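There are two complexes below, and they share chain A, which is joined by chain B in the first and by chain C in the second.
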Partner chain A sequence: MDAYILSLTIFVAINVALALSLNLISGFCGQISLGHAAFYGTGAYVSAILSVSGVPFAVSFVAGGIAAGILGFLVGLASLRVREDFLAITTMGVNFLFVGFVRKQGWLGGEIGITAIPKPMSDAGMATLAWILVAATAFLLVAIRRSWLGTGFTMIAQDEQAATSLGLNVGRFKLAAFVMGTAAAGMAGVIYAHVAQLIVPDAFGFVVSISILAMVVVGGIGSIFGVILGAVLLTLLPELARFANDYKLLIFGALMVAVMLISPGGLAGAFQRLRAR
Partner chain B sequence: MFHLELLTVGLIQGAMYAMMALGLTLIYGLLRILHIAHAALFTLGAYAGVLAANAGLGLLPAAIVAVAIGGIAGPLVYVAIYRPLLDKPPYVALIASIGLLIALEDGFRLVFGPYGLSFDNNPWFITGWMIGGIYLNAVQAAIAVTAILSIAAFTWFARRTRAGVAWRATVTDPAMARTFGVEPDRVRIMSFAIASMLAAVAGVLIGLLNNLVEPTMGSIIAYKGLAIIVLGGLGNVPGTLVAALLLGVAESFGQTYLDQVLDRDAIAFLVLIVVLMVRPQGLFGKAG
Partner chain C sequence: MDLLKTTSLSRSFGGVAAVRNVTLAVKDRELLSVIGPNGAGKTTLLKLITGQIPPDTGRIELFGRDVTAVPQYARAQMGIALTHQIVRPFRGMTLGENVTAAMGHGHFNQPVASLFHRPGAADTARARELLDLVGIGHAAGRSASEVPLGYLKRMQIARVLATDPKLLLLDEPLAGLNYSEAGQIADLIVRLNEGGRTVVLIEHNLGEVLRISHRVAVLDNGALLAEGLPAEVIARPDVRAAYLGKEAG
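Up next is the complex of A and B:
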């Protein structure tokens, strides 16, 4: 396979994994997070630091996921204190804080970031790993949807107060959603760091969080198939149409507005309505 | 003396935040929408101002043009984007608002170029005075004066005019206001007009202060503005004004003393997260 196509498939897989993991938090459990890139970045930075200092890839992979999950747990604790609009702003704050902190840390490379991250395997190997992560995340989401955990998430997403009064331990469910979703985002970050071999703070900024959110809402928040479709389309769109690359943010932004106005359920919602006819 | 200077710079920055946050909190109080795209109107105002000024108008007429354009564009955003989404869950309007900001910012970049525009003639930028040992230029003075005047005018409007009473009634109880003959939609349009005029004038002033108008000049303010209205206790006008000034001062001190650890723009969010964990309803919000 052509090297360009191969690296493209890796980036598609990374974005699908990110979108699916955000979908678990925001779609399934209804906790709108505007800071997903912070967890993606935590995985990338932790694993990059470890790999550069000679730790084997398998260890840095797991460590990246765990570190992101721990940060996700902390932000999940915040979601027990603040809700809805307040939570959205808090998660946005976490993203700005992450970038603002990393940028000033000499030991994390500051503005220049971390370079010369060793590549643990061939591009084909990394692509396989990335798609295994996608498959595992998708499988996790399907399994959750069919389990009591998924029912609990849906109840919280629809009416948190009602879920509490029915005796559901809302806090535990939210924490579970945050930890699983952010750990998966962290692993996506590990793969990104070891494919790009170079990471800078801006690669994990608020715009990235919004791009991930755009993939989720364009695909259809809460839908597994829709979100995969949304992530693939929005990643490929700027690549397929070269002219579109210059207008990437314009297109992303306009799509987000258009989808919200026309079909808040995204592509998945539109398909469902067509089928119902 | 150095601290006094930091305080002054912080208060002026805070005054600018106050002008932006006042509009955001007005809209939140009325519609429960986090109007992130407010910053696009700030940038639009700045572009209108710099283009009008460079076309040969004086600075004051250019600012008036900018305010007029803001006053028209704001209600258009409400009618085109928010009004159709009012009965949807809150995240729908939030995502549409973020999308609108990103699209408009990219639009500004495509139309006016990525490097931004400067004022050909910016006399306020180079005029300044030493007051009590602190140097203040005319733009900084103008920001302070404009903020005080516009907030005073807003308070007068809300307390003393018919339209202001209708606005307060709609915030408190839209259904009851309607039975007294207040048309909520007209109140909303009016609020968007007022908020956007404030954003536009803030945009012109910041354009003058930096002598640069660029496509992304609003993005940091967009997000910080939200942090401020949350700190102030969403929808609480006096709380928002205090939070804006506090943040301005916290930033100017933080930039000096925390620069080794944290980016200036992250300070707002550090304060925000710490406050929210202690008081989830914000500094001045009502509990429950």
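Up next is the complex of A and C:
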């Protein structure tokens, strides 16, 4: 396969995994997060530091996921105290804190980032790993949706007080959503770091968080199929049309506004309406 | 045996005492109504009992155990259920799904374990039975965002019954219902009580309160003004004054 196509396949998979993992937190459990790139970056940086130090990739991979999950747990604790727009601002702040922190750390490479990250396998192998992560994340989301865990998430998303009065341990369920979603984002970050072999702080900035959110919103918040579609389309769009790459943020923003006005359920909602006709 | 007991319970909001030094006991299988004029502190009292808000001072015992510091979800898991005065349906679900969701109460404490259990046909069937019990089984497939208030009031009762509670706290379940509907729901409350559930009812519909209650407690300005048999309590001049104004006394 052409090297460009192969690398594009990997980045599509990474974005699909990121969008699905955010969908778990924001779509399923209703906890708005504007800082998902911080968890993506945590996985990338932790695994890169370990791999550069000679630690086997398998250990780096797991450690990246665990580190992102731990940060997710801490941010999840904030979700127990603040809600909705206040949570959105808090998570946005976490993203700025992450980038600001990483930038000033000499041992993390500062502005230059971490270079010469060893590639553990061929591009084809990395692509396979990336799509295995997508499949595992999608499988997890399907399993959650069918389980009492998914029911609990939906109850929290729709009315937290009613859920609590029915005996749902809202705090634990929210933390579970944050830990699972952020750990998956961290694993996506591990793959990114080892494919790019170079990471810089800006690769995990607020703009990236908003791009991931755009994929979820355009695909359809809460829909597994829709979010996969949204992530694939929004990753390929800038690659297919050069002008789209130049105006990527403008187009993503316009798409989000259009979706909110025309089809709040995103592509998934539009498909459902078409099928119902 | 006292199923529920509050001792010297008080709660203020910004210097305004909503509940003042309330000591109240509810016996097993009793149907107690708490009445009082608007702003008397009835809903605040229920929120204190369920754990939605903490008391400033005082103690709450449930099933003989001090639960003052126990969080709301854990009290609900102990068998205490609340229907809200302002209905709180899960609006993105159907009425049937609302009740089915509550059937998962046995899985609501451990998120990881709950991933390995899923709602089944038995849960859906039980939810339908409960909706039939409250008289809206035919509307199980209708969205909670489009049915009338009376349906949501009934659904809330079915939903808390899905958690199999020992103590039912009903906050104005008859409000907003017409005469016939209110009578049906009041009869249902009696049936639930006769079926073994203890009921604490907050209600302004005095006709139904006097008809179905074993005992009545009256709150006024956050304090317990009177308690006893319905006919005796309502005949008291201080109770009538609290409800109708001082000249009534």
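The criterion applied here is as follows: the second predicted complex is superposed on the first by the 277 of 277 C-alpha atoms of A that agree within 3 Å, B and C clash if a C-alpha of one lies under 4 Å from a C-alpha of the other, contacts with A are read in each partner's own complex, and residues count from 1 in each chain.
The criterion applied here is as follows: a contact is a pair of C-beta atoms (placed from the backbone, for glycine too) under 8 Å apart; a residue touches a chain by one contact, two chains touch by 3 or more.
Not measured: the values here are computed from a predicted model.
Superimposing the complexes on chain A yields a three-chain arrangement in which chain B and chain C fit side by side.
In the superposed model, A:66 makes contact with neither chain B nor chain C.
Legend: residue contacts after superposition of the two complexes on their common chain; A:236 is shown touching neither chain B nor chain C.
Within the superposed three-chain model, A:161 lies in touch with chain C and out of touch with chain B [touch as defined at top].
Considering which of chain B and chain C touches more of chain A, the answer is B.
Computed from Cα centres after superposition, the angle at chain A between chain B and chain C reads 80 degrees (steps of 10).
In the superposition on chain A, no contact is made by A:270 with either chain B or chain C. By the touch criterion defined above, A:200 lies against neither chain B nor chain C after alignment on the C-alpha atoms of chain A.
In the overlay built on the shared chain, the residue A:55 is in contact with neither chain B nor chain C. When the shared chain is aligned, no partner comes close enough to touch A:8: not chain B, not chain C.
Of all C-alpha pairs linking chain B and chain C after the chain A fit, the shortest spans 10 Å. Shared contact residues of chain A, touching chain B in one structure and chain C in the other, are absent. On the side of chain C, the complex with chain A involves touching residues 50, 52, 72-74, 76-77, 81-82, 84, 88-93, 100-102, 104-105, 107-112, 114-119, 159-160, 163. The part of chain B that touches chain A in the complex is made up of residues 32, 34, 81, 84-85, 88-96, 98-107, 110, 223, 226-227, 230, 234, 259-270, 272-273, 276-277, 280.
Chain A meets chain C in the complex at residues 143-144, 146-149, 151-152, 154-155, 157-159, 161-162, 164-170, 172-173, 175-176. Within the complex formed with chain B, the chain A residues making contact are 26, 32, 34, 78, 81-82, 84-86, 88-90, 92-94, 96-97, 99-101, 103-104, 206-207, 210, 213-214, 217, 246-250, 252-257, 260-261, 264.
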